[in-house]
Amino acid sequence: MPTCTVTRRVHFNAAHRLHNPERSDEWNRTTFGVCNNPNYHGHNYELEVTVGGDIDPASGYVLDIAVLKTLVDERVAQILDHKNLNLDVPWFRDHIPSAENIAVFCWEQIATHLPAGRLVRVRLWETPRNYVDYRGE
Amino acid sequence: MPTCTVTRRVHFNAAHRLHNPERSDEWNRTTFGVCNNPNYHGHNYELEVTVGGDIDPASGYVLDIAVLKTLVDERVAQILDHKNLNLDVPWFRDHIPSAENIAVFCWEQIATHLPAGRLVRVRLWETPRNYVDYRGE
Amino acid sequence: MPTCTVTRRVHFNAAHRLHNPERSDEWNRTTFGVCNNPNYHGHNYELEVTVGGDIDPASGYVLDIAVLKTLVDERVAQILDHKNLNLDVPWFRDHIPSAENIAVFCWEQIATHLPAGRLVRVRLWETPRNYVDYRGE
Amino acid sequence: MPTCTVTRRVHFNAAHRLHNPERSDEWNRTTFGVCNNPNYHGHNYELEVTVGGDIDPASGYVLDIAVLKTLVDERVAQILDHKNLNLDVPWFRDHIPSAENIAVFCWEQIATHLPAGRLVRVRLWETPRNYVDYRGE
Amino acid sequence: MPTCTVTRRVHFNAAHRLHNPERSDEWNRTTFGVCNNPNYHGHNYELEVTVGGDIDPASGYVLDIAVLKTLVDERVAQILDHKNLNLDVPWFRDHIPSAENIAVFCWEQIATHLPAGRLVRVRLWETPRNYVDYRGE
Amino acid sequence: MPTCTVTRRVHFNAAHRLHNPERSDEWNRTTFGVCNNPNYHGHNYELEVTVGGDIDPASGYVLDIAVLKTLVDERVAQILDHKNLNLDVPWFRDHIPSAENIAVFCWEQIATHLPAGRLVRVRLWETPRNYVDYRGE
């Protein structure tokens, strides 16, 4: 039975600030530069969620892409879209909302709602010129 | 000798319907939703074909991309472009024309015309927001 | 008061066939080529709808883009998405479903639900390499 | 002497909130929906600046695109990039930072630094699916 | 009878150098900067050709897009693709191969092969971040 | 500690010619076709550089993307942008400037300036329709 992966892209936009309150202002400015702006800045994020598995001969599907879309909308987009990640999303009280950590957050939100081993990768585009890949490791 | 992969994108468009004639109409409507429309719908597909190997020191090529383009045109685009996958392409009499199965079809069409182990991946974009990867496994 | 236009892109996909039943099969094959396939083919269409007007000082809006999105979804996407234009959409009984005519259809569907003169242009991408503009003239 | 336009795209990202302090909270929530989030959200903006004129026979240029790039960087990107439009940019104390008004701001920043009549259009993409055009009228 | 425009995108790549032999080396370096490299540099160009007219009721076409594609391939792509504009294309002996002048060249190549008034605009993308529009004026 | 990769895209454009001086003109024409034009042709290249590692809990970064951008600008873009690869870049005296070899060159330029094992992949787009991946093997 052939095995493949299916990937769905989802859009959300949000404000954030990169700031570590346990470090000095000087460290934060040096480390984060313009991303440390105390008044926040923001991005249009594009999230790609990749799920793997056998192709079901009855449906031709690895996973109904509409089911995947709904899952990602409910578990990620409704929680992050049009939000301030630092202030509106509790998980980021303990994690800097860098692209890397947002990718980890998205993974955790989705992986627990899929059978073990099915989620293969999340890719998060922060701008059209940079992205992060996380594979749960 | 360095090893790398080269990837070529090719475009085709086609009509299809997701329908399993061995199941009830009810099952088909529930499983496939709007994709079960008996009158068909369609897509612009983008296919990425990835081939690997050593870089030939004489040419600097893993594989002449023009050769790969011709192969994909002849073996995939000329067979699927401006076609109804369900009615015009015999392979889909026995396979639901989901993105997953179209990717498997493309792999089989190309892999037999390349030396063993050279074809690495086919990626099929069904819309700008979802794609399938197949690696022949 | 400054005047500007706002544009919203909406996606739908559909099957179609270019065929004029009042002409001979020979004429149809010559005129439409592969697009005359009797079994249909299909596309992912991207529709851009452009609306103009004064910027409302209270809201900063020419038109709430969410309102425009809902209008286009209801009047265009729900009627054309995952459909066979020739068989499922009555307007195309009398019009060849070329990109040009689909653009005219989209205009007519939307213009009647906006104040006179507000709709400025519809742009319909049939593939990533060709599009049609219609301005209601 | 042939006349044409040259267009340069520039990227910036920013946080904003759509809120009219002269109206009630209820009006703001109804008018702006999720864009009224008091903690801000954000976008990757793409700005296209179009300048027209005769082609100089000596250089083949309407305007040196590098000069245009520098002008837009200094007058727009350095002022808006990685900023909170509501809090960090004085012009938006009196203007809702909607895409429409940001486009007007960009026009005013650039037009005064070009000979009269040279600036033809600014187009501001707020997301990959919606944009605003402003022509100084 | 509704009127609209159809646009076709075509790709070619070429080397060029911006240099005016009637001016001093100093003037050329100051005016053209890195684009004055005596050994040439190059681009992937994307050309959009826009043609207008009435929609023919029999075909639904303003112009068969396949005819337009063939015309642009023969009159532009075959002449410019994989060429050095300065050395291989006689027209550029007398014209600096700036994006502006390449757009004028494309217009002249195409306009003479269409009925008067049908060609509406050529848009030439020199990079994904800058383009030129020419309308034959 | 979660591990992920960050990827940065960088743009440069250049002229090149595919030609092996140790082979006959006939061999070169047959092997390279239009890419063998003695006067050169050119491309807009998009380079994606991918770096992996643990997410630093203090910064949320695998690697500061601004640091990566500066490294790639200095080690690749400033050396290749607006250049003739055959004539201006000594490394290509001994290597055909195919997309494959340009990817190897970019890897070597960057890998030596990162801790061992951090550079994961370079992807080089030669046109919007073909790209090469190299992983240092």
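Letters A, B, C, D, E and F mark the chains in the order given here, with residues in each chain numbered from 1 onward.
Quick note on the criterion: contacts are C-beta pairs under 8 Å (C-beta built on N, C-alpha and C of every residue); 3 or more make two chains touch, one makes a residue touch a chain.
Being a predicted model, the structure only gives us computed values, none of them experimental.
Looking at the partners of subunit B and subunit E together, the chains they share are C, F.
Among the remaining chains, those touching subunit D as well as subunit E are C.
More than half of the contact pairs of C-E, counted by residue number, reappear in one of A-D, D-E or B-C; that pair is D-E.
Comparing mean CA positions across the assembly, the chain most remote from subunit C is F. Of all the chains, the one whose CA centre sits at the greatest distance from that of subunit E is A.
Seen as a C-alpha superposition, subunit A sits on subunit F after a turn of 120°, to the nearest 5.
With centres set at the average Cα position, the gap from subunit C to subunit F is 41 Å.
A straight line joining the Cα centres of subunit E and subunit F is 28 Å long. Centre-to-centre separation of subunit D and subunit F, using mean CA positions: 33 Å. Among the residues of subunit B, those in touch with two or more other chains are 128-129. Every pair of chains in contact is given here: A-B, A-D, A-F, B-C, B-F, C-D, C-E, D-E, E-F. Within the complex formed with subunit C, the subunit B residues making contact are 11, 13-16, 34-35, 37, 39-44, 81-84, 87-88, 127-129. Contact residues of subunit B toward subunit F in the complex are 2-10, 50, 55, 58-62, 64-66. By the touch criterion given at the top, residues 18, 20, 22-23, 31-33, 95-101, 103-104, 128-135, 137 of subunit A touch subunit F in their complex.
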